[in-house]
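Naming follows writing order (A, B, C, D and E), and every chain is counted from residue 1.
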Amino acid sequence: MTDTQQMLAHDKRRKSINRFAIGSIKILSSLTVLILVVIIGYLAVRGLYKQERTQVSVLPLATAQRLGLSQTEIPFDIVANKRAEFRQVDWNMLREMAQGKIISLRRVTYVNENFFLYVDESIADEFARFLDLASDCLASGGIIVGSFRATVDGAAAHNGSIAIVPRNTASSSLPSALKTIAYEEHVLVVHPTVTQLYGNNMVGVLSDVQVDLLLSGEYSSWVQLHGGDIPVALVQEKTDSSVAREVAGIEGSVGVTTQKDVFRAGEQGFVTAVLQVNRIIRSPNLTFRYLVLPTQESGRFGGIGSIIINTFLMVFLTTLIAAPLGIAAAVYLVEYAKKGRLTSIIRSGIDVLASIPSIIFGLFGLLVFVQLLGWSFSLISGTLTVALMILPTIIRTSEEAIRSVEQRLREASIGMGATKMETIWRVVLPSALNGITTGIILAMGRAIGETAALLYTIGSSTAVATGLSSGSRVLALHIMLTINEGQSFDKAFASAFVLIVVVLIINTTARWMMNRASVKNKGKE
Amino acid sequence: MMAEVAMVPETEYVFDVHGLNLWYGSSHALKDVDMQIEKNSITAFIGPSGCGKSTFLRVLDRMNDLIDNVKITGSVLFDGRDVYVDYDPMDLRRKVGMVFQRPNPFPMSIYDNIAYGPRLHGRPPKSELDAIVEESLQRAVLWDEVKDRLNKSALSLSGGQQQRLCIARTLAINPEVVLMDEPTSALDPISTTKIEELMVELKAKYTIVIVTHNMQQASRISDNTAFFLIDSERCGYLVEYGETSGLFFNPRDKRTEDYISGKFG
Amino acid sequence: QGNKEQAQKPVEVKNYTFGGSTTVAPIVETAIPLFTAANPGVKISYEGVGTGTGLKQLTAGTLTLAGASRDLNSTEIADGLVPNTIALDGLSVAVNKSVTVANLSLAQLAGIFSGEISNWSQVGGPNAAIALIVRDESSGTYASFKEIVLDTQKKAPSKNAIVAKENGELAAKIASTPNSIGYLGMAFNHIVTEAGGKVLLVDGIESTTANVLNGSYPISRNLYLVSKGPLAGGSVEKAFVDFILSDKGAAVVLDAQYIPLN
Amino acid sequence: MQLGLPRTNGVRSFKERSGRIILLLAALVSIATVLLITIFIFQQGVPVFGKVSVLDFLFSTKWLPTGNPPAYGILSFVWASFMVTALSLLFATPVALAVAVYLAEFAKGRRASILRSSIELLAGIPSIIYGLFGIAVIVPAIRNIFGGTGYSLLAAAIILAIMILPTIINISEVSIRAVNDELRYASVAMGATKWETISRVVLPAAKSGIFTSIILGLGRSVGETTAVLLVGGNAAIFARTPLDMGRTLTMNIITDMSYAEGTHLQSLFATAMLLFIVILVLNYIVVRVARHSRMED
Amino acid sequence: MMAEVAMVPETEYVFDVHGLNLWYGSSHALKDVDMQIEKNSITAFIGPSGCGKSTFLRVLDRMNDLIDNVKITGSVLFDGRDVYVDYDPMDLRRKVGMVFQRPNPFPMSIYDNIAYGPRLHGRPPKSELDAIVEESLQRAVLWDEVKDRLNKSALSLSGGQQQRLCIARTLAINPEVVLMDEPTSALDPISTTKIEELMVELKAKYTIVIVTHNMQQASRISDNTAFFLIDSERCGYLVEYGETSGLFFNPRDKRTEDYISGKFG
């Protein structure tokens, strides 16, 4: 009785172990899918959207509204060309523009466009007055002043431009290339002692939350913001006098005012400082323009258009070299190689080649193509290096495909008096085409993602390659260099998303071809 | 040996095999086979599985060349010249076509299947090629069935049609001999009958050699029959060879009789 | 004036490959389109492969002009390479946004980068371990920083530091690693500041162009375009170097956030 | 010949012969490349041993290539490579075997094809993207869980583990599938549960294939450069725990390559040489295992 | 149906199958099979290839569970309890062992092969295990041949020895029934004889069900024989079932007679 009980208990344990093990296997399998989904999902999110953080001296409009600050009525609207990626301007920026100090937008918006300011003549004077500039200053600064039409048409025609038009211009009267952008003016003005160094510390950049706390009187001393041990004194808005002037007189004081007020106080000899605040901007990351524009300054400006072209060039040339070699080698191995020493040496050569890390291929390419043959960092050096690297993939898949061509077809052809070569050319290769192509596509997928083998061979020039001897940066390498040279993580992710999409397309195609081939084969049986 | 050969009237026999031995590596597959194959006739090879029928057939057009480690001794004369000495195998195979057990059309269009051989052996202009294709298909009694879809894949045909296509493909290179290795064993009875009729028609123009497992088939269509057997060391040899009617209804050898009456095999 | 003459002289029309230091790359890459616009037919590319490789390729002859962010060593000089100073580069010290410290003295920097100071509280910050981020030993940036900051205090660089292969990677890693500090070319400051981090004052001095030029900011180095042998008159290489030394070139250098010589 | 074969046949057999030679040459490209790689890497790397003894090179942790006097000890890098590789195998193998078993024994229809596609896609993701993902996700995760900067050998190992999953899964699956069904039936017919059958019969029978897959994964792991470079911290120190930063052999090569010269450069090629030898040894092991298991069958 | 079943004396029959139908996907492989299998006897299944003998055998120990898309209706009682309802398959299979057509020893030592089952179903101490191994091997008449090399790989045995090992392995879990699917078809005549002798010996203690293609074998060793056939829709059914002597020498069904006399199959 106890025996059977024991046995039952044992059986129970076995069954629960079985359930547990199979459950674990299933969970771990799902984990693999999850990993892929997380990787691709993360790349998609980071590739498509970006969340930039910058430090500005003006309070973002949203913050100003939250704080209930009243907006100065300005006598004009500011409209920008949509492609300039302007979102807002402030008084200082407008002033510099009007003075002709900004000639390119790249430092402002990272769009590499020359800057143009168009002003409607009917409000030109008011505009100059608003900026505390002499009205003839506008004429000298390279600003284009004209009728309303000329102004908006000019701004619509130039990618990197801003136009100043009369207030409340109906959006219907604007060309579709233009949009109204926000004007920001409030700053946190403080007494100069606040921003001084105290020991090794200084008041840092304020976050949204810190601004709110500061203005609601939560901080009693600047020490709480890493500054000196000076009490915080809030200066409220005054109608009669300027906040900036007030602040300049009280140690440890802080107030909110307009940039213009600070400027004017400065003119009058009241020394103040402005606190920096953090701004977070969310915007689309990968845009169509980024895809097609040529790359400039090593990726800092422009898009990845030229890089994409280079990538396809590299992959095309690599395939052009590796595919015939690989297929020929596979044909030799299947159709001609006899069992013997030479064959086994060739086979182990392919195996070893397949397992050599790409960094070693890179060094080899550097030594042989770049240095010994003197081809420098060029498309051809990189292409040859990668071609050697993907050779084993092509050989192996082609070999398999050629091997799976039925012997009967070869016999039929030979039986009709064809030579072996004719048989291979006319019967075997066409029949194996699907499998061979699949292998080539897979190899292309490998080539397109390669970095280590290309880093010291293909060069880093971002221009479209004009010949085999020009250096040509490819996408995967561009991602690496974008990180290394620090253009930005967002750009790296945008490029990475493009790369992964291409790789996914390539792999899915290969898989689809493979499935089609196997369905076809089944159909034949 | 050459002396013996000279005595065979060339007009009568296309193949003349003397003292043929064949080894696959170290295993002796065929021993001392002598055989003369008559022109414009159907010769059938019968015998139990593994006795070397296919092997012998492949000797005739040197298809064994494709297999490693095959050793052949003895002489095989075709039209009086030694197949293994005087012929280039490609040349030989143009004159000695082969049809296989399982239909093996190329994975291309019907037209291209037939045109395959002619294109190999010269570059005939389109019009000539069209004529060859039509003629071959007609000879193989397939023309009417496929003339409207010459550009369709050959794999879309039924098994019997595929086999006739393979025969047509062989005829397109205009051979003197057509070797067939169990050409109907993978086919249904109706297709089989069609191909048997076709063979009988073809023998007016070609010499046909056929391997078959189907004794009825051999007795139905062949003029001469060769009976092969394996000995205790699994080595194939020719037991009896002669006119089909004689061999089937009046076998000289006891083993032949036993085999034909179904006692073994 | 010199470069005006050069521009008028017909230069040989062909493709040129320059290359080398990635620090120098922004200057050269900005200059190339301007230069080639003035010299139609000339095509130049710059391969940012690093100072060492660039100089090696220059000696081997596959490059005809190499950017370098460090002084040449004796073998390179013996090989006949000639440095042409084209700009100054201030090295700034940057920290992650989590760091409240805003200034460090040279001595404190030496202490931090030698590993003797390992907690931010030792230099007036919060109680947090310092994460060092440095450049690879063979980079010009590393060599210059070591010479100016560590060698003068007779201290050896700590090895317990994240090593970044390039300035940009270093900046990105400072930006993303809490409590980190690292040094980098001034041109890369914006990467740190855009991510909320900050550039430190050194001995109370801000790392600005003006401060480097007037000598008050202590950490700076020369950037070179190196040629094989002295620049030959009438060559594109000479014309190019002259272009960068011209007024327009100075604008380019400034635009790339380096410091022109004049 | 004197019988006068048609001329065309002469042309055809010439084509045949020369075609064969061309094909042979193509097949020889691989082996020639391997030989050339060996020659060039060794030619550049071996001279370093004229200045540094092999023992110092391999067994010293002192790496001061630009120091005065310089030192070229790569033990820390060998150790980091070892640690990263071992860890990545430790993480990847159980998961990979579970997936391989699942694919070979359980998965059918849509689930199987989703899983299979996922593995193929994982295999196709370029290493630079793994590196980027590592910086953005793995490093902060480690930082949040374990403290420190997050840049660590652990981060590198996790990334590598994901990267070598497909290699181990694919080859293991093939060898698990190759186990004769009759063995499974025999086991099940004796009242074994599915898991007992898998663990006691199927996996032992597939062990040489599984071993091969792990060795190949190891090879991939030890040779990976780009991805680990971005997340490993790259400090030239001797890592005591996986949470320390470290520099692997491949990271060492790629970090200094663009600047190094003279003996320093040679020492990098010598590092590559060591890496190459490791790969050759792994290859040899795979060949031996394959031969051994073939003999057993 | 239960009512009918209840009438069968439980001591006499181990298996009681009623109205069994089985489909592989949409193809109907077994139709309306009724059969009662006698205890301590040898029951043989005969019939042409594809008639469902193996399928039916696999019904008895639920090995068909391993195949996808199998649908089974009807009742299969083992010791009076429904195999598909009242039994856990693992439990059932411990009581109903199976030996396969091709010997399939595990790639481990002879000892471990035999010990495999006992180790699954409990953790017997070494001494007990040794005893089980020896006893099973002795029952399978293999002990003398292998006792000196129990730790050698089972794959080093000859085919016949391997098959006896597989039988011993099954005996080691102490089943009540042993199912054998053509257990000798891959073996030479001498090994076959040995295994036939073994079966006859074993029936004293076990119930044995065997599928065989070899009519002589069935008539030599079995007590009862079941004859299966396929109908025109390729669906298997039971033609005749009864005492072996009766079925072979006095078949009730014309088809049985034809099959036994070799007229088809």
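As a convention for this text, a residue touches a chain if its C-beta (ideal position, glycine included) is under 8 Å from a C-beta of that chain, and two chains touch if they have at least 3 such contacts.
Computed from a predicted structure; not experimentally measured.
The interface with the largest number of contacting C-beta pairs joins chains A-D.
Taking the mean of all protein C-alpha atoms as the reference point, the chain centroid lying nearest to it belongs to D. The chain with its Cα centroid farthest from the Cα centroid of chain D is B. When chain centres are defined as mean Cα coordinates, C lies farthest from chain E. Centroids of chain A and chain E (each the mean of its C-alpha atoms) stand 67 Å apart. Inter-chain spacing, taken between the CA centroids of chain D and chain E, is 48 Å. Separation between the centroids of chain A and chain D, computed from CA atoms only, is 29 Å.
Multi-chain contact residues, meaning those touching two or more other chains, occur in chain C at positions 49, 53, 165, 169, 176. Each of residues 12-13, 135, 193, 196, 230, 254, 257-258 in chain D touches at least two other chains. Counting partners per residue, chain A has 14-15, 419, 422, 456, 483, 489 as the residues that reach two or more other chains.
By the touch criterion given at the top, residues 52-55, 197, 199-202, 204-205, 226, 278, 297-298, 300, 370-371, 374-377, 456, 459-461, 463, 466-467, 469-471, 481-489 of chain A touch chain C in their complex. By the touch criterion given at the top, residues 12-13, 15-16, 19-20, 22-24, 26-31, 33-34, 36-37, 40-41, 44, 94-95, 98-99, 101-103, 106-107, 114-115, 117-122, 124-133, 135-137, 162, 165, 169, 193-196, 198-199, 216, 219-220, 222-226, 230, 250, 253-254, 257-258, 269, 272, 275-276, 279-280, 282-283, 286-287 of chain D touch chain A in their complex.
Across the interface of their complex, chain D is touched by residues 61, 63, 66, 68, 90-94, 97-98, 100, 102, 104-108, 116-117, 120-121, 155, 166, 169-170, 173 of chain E.
The part of chain A that touches chain E in the complex is made up of residues 6-7, 10-11, 14-15.
Against chain A, in their complex, chain C makes its touches with residues 15, 17, 19, 22, 25-26, 29-30, 43, 45-49, 53, 57, 60-63, 97, 100-104, 108, 123-125, 165-172, 176, 188, 191, 193-196, 198, 201, 204.
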